[in-house]
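Notes for the one structure printed next.
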Amino acid sequence: MSEEQDRIKKVSIVCSKGSLEGIYPALIMANGARMEGIEASIFFTFFGLYAVLKKFNNKIKIATVGNPAMRVPDAKGMSLPTILGAIPGMSAFATSMMSKEMEKLDIPPIPEFLEMIHDAGGHLYACKATVDMFHLTTDDFCDEVERVLTVGEFYELSAGAQIIFT
Amino acid sequence: MSEEQDRIKKVSIVCSKGSLEGIYPALIMANGARMEGIEASIFFTFFGLYAVLKKFNNKIKIATVGNPAMRVPDAKGMSLPTILGAIPGMSAFATSMMSKEMEKLDIPPIPEFLEMIHDAGGHLYACKATVDMFHLTTDDFCDEVERVLTVGEFYELSAGAQIIFT
Amino acid sequence: MSEEQDRIKKVSIVCSKGSLEGIYPALIMANGARMEGIEASIFFTFFGLYAVLKKFNNKIKIATVGNPAMRVPDAKGMSLPTILGAIPGMSAFATSMMSKEMEKLDIPPIPEFLEMIHDAGGHLYACKATVDMFHLTTDDFCDEVERVLTVGEFYELSAGAQIIFT
């Protein structure tokens, strides 16, 4: 339907939100791109960075299901009302329903989803300013995160890509 | 001001949020594109999909005006705190004011806006994963929705386009 | 790492959200672009427009720190629960922490940041529909705002650019 030269060949996704429905679109678009043979990178920034914090990202789903007011301490001892409360307008019921329905559709929990994208050749990066702001180190990240990038490096790596800010 | 070859020729808008101020930017950017002779498609996904649910999208405006806590049952009997509560930080007053001001600017309510974009040659698509997640059928959509697309098909249809994630 | 011709040469950022964590990504991406010699424009629309309202944008930071429920009257006498409440899921503590950490990273408050981007050659524009909707005049904007643009003019000015909707 379009000329080969116009085909989307590379996407550079900026994941900036820390809620379930903020993170999933980024992961789904990256995974969908890889399924089509499109190069894909995700740059986790601001609260989106929580998606790649290994002590936290396996708790997002559990925490939001059934207990939206629950607070999960992160690696630094700072409570994270951010994530749990950052699902604007989603009641516990809707959140729970969404999680169950995603399971039925074989949409995996965040940690497994990151691994799947990584194994499919997608690249995961963390934003340097956010890492500094939250006083994180590379030890805080799940293994699939390749590097910490500045905004400038993000733009360089995005050469030839569609930038998609989710 | 720029060479003809660099002109934006096609936009592929992903509408992912279900609030008034989440949906309108997608519609306004698609409509503005058509007015300029730019090809335009909107891919409704996640809670953005509510914008094309015919039993619901004509109620978004009424429900948010004057009664932000009101819950509107959708076609499936699931209440939709999502939409009504998903207007982060907007008081009932601000919501009401916004709606009135948009009327004055001839920005139409969502159903009429979709029809206008469709009649101007814009394309409206629904996201397959979301459709499955919410157990919807094509009967649930307003007539202007052409097809249900996978993420892969979305990327194919976006050849040569600027992807804009709202 | 990529061919020169594929390099990102121009970004056209749409800033549509009125919260701190909605506005900063737009400013950081525009500033980062200018640091790399990339052309950068920001188009402020919907609640993102508050970032360039001179009687308000110097209050966003103070108002959100320590007092998320505080309401600041804008130039038109309309209270702005929008901005202050529009930080989904961020507690006063997190907001305060974020502001302090940004200071340490030399990320300036919004008014100074706009000036920095402008001085670095970035362009700031306000969305006409939003300006009309909120009954604003050019006097309401900080000096760095060059022009009020329609959506059509935005697309024209975005020729050759990556559109990034934050």
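For reference, chains read A, B and C in written order, and residue numbers begin at 1 within each chain.
Throughout what follows, a contact is a pair of C-beta atoms (placed from the backbone, for glycine too) under 8 Å apart; a residue touches a chain by one contact, two chains touch by 3 or more.
Since this is a predicted model, take the numbers as computed values, not measurements.
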More than half overlap in residue numbers between the two sides of the chain A-chain C interface, or less? Answer same or different. different
Which rotation angle, from 0 to 180°, best lines up the CA atoms of chain B with chain C, given as a multiple of 5? 120
Whole-Å gap separating chain A and chain C, where each centre is the average of the chain's CA atoms: 23
Residues of chain A engaged with two or more neighbouring chains: 88, 162, 165
Residue numbers on chain A that touch chain B, as the complex places them: 1-3, 6-8, 11, 21, 24-25, 28-29, 31-33, 35-36, 38, 88-91, 94, 97-98, 101-102, 105, 107, 162, 164-166
Residues on chain C engaged by chain B in the complex (per definition of touch): 14, 16, 18-19, 45-47, 78, 81-88, 129, 132-134, 150-152, 154-160, 162-163, 165
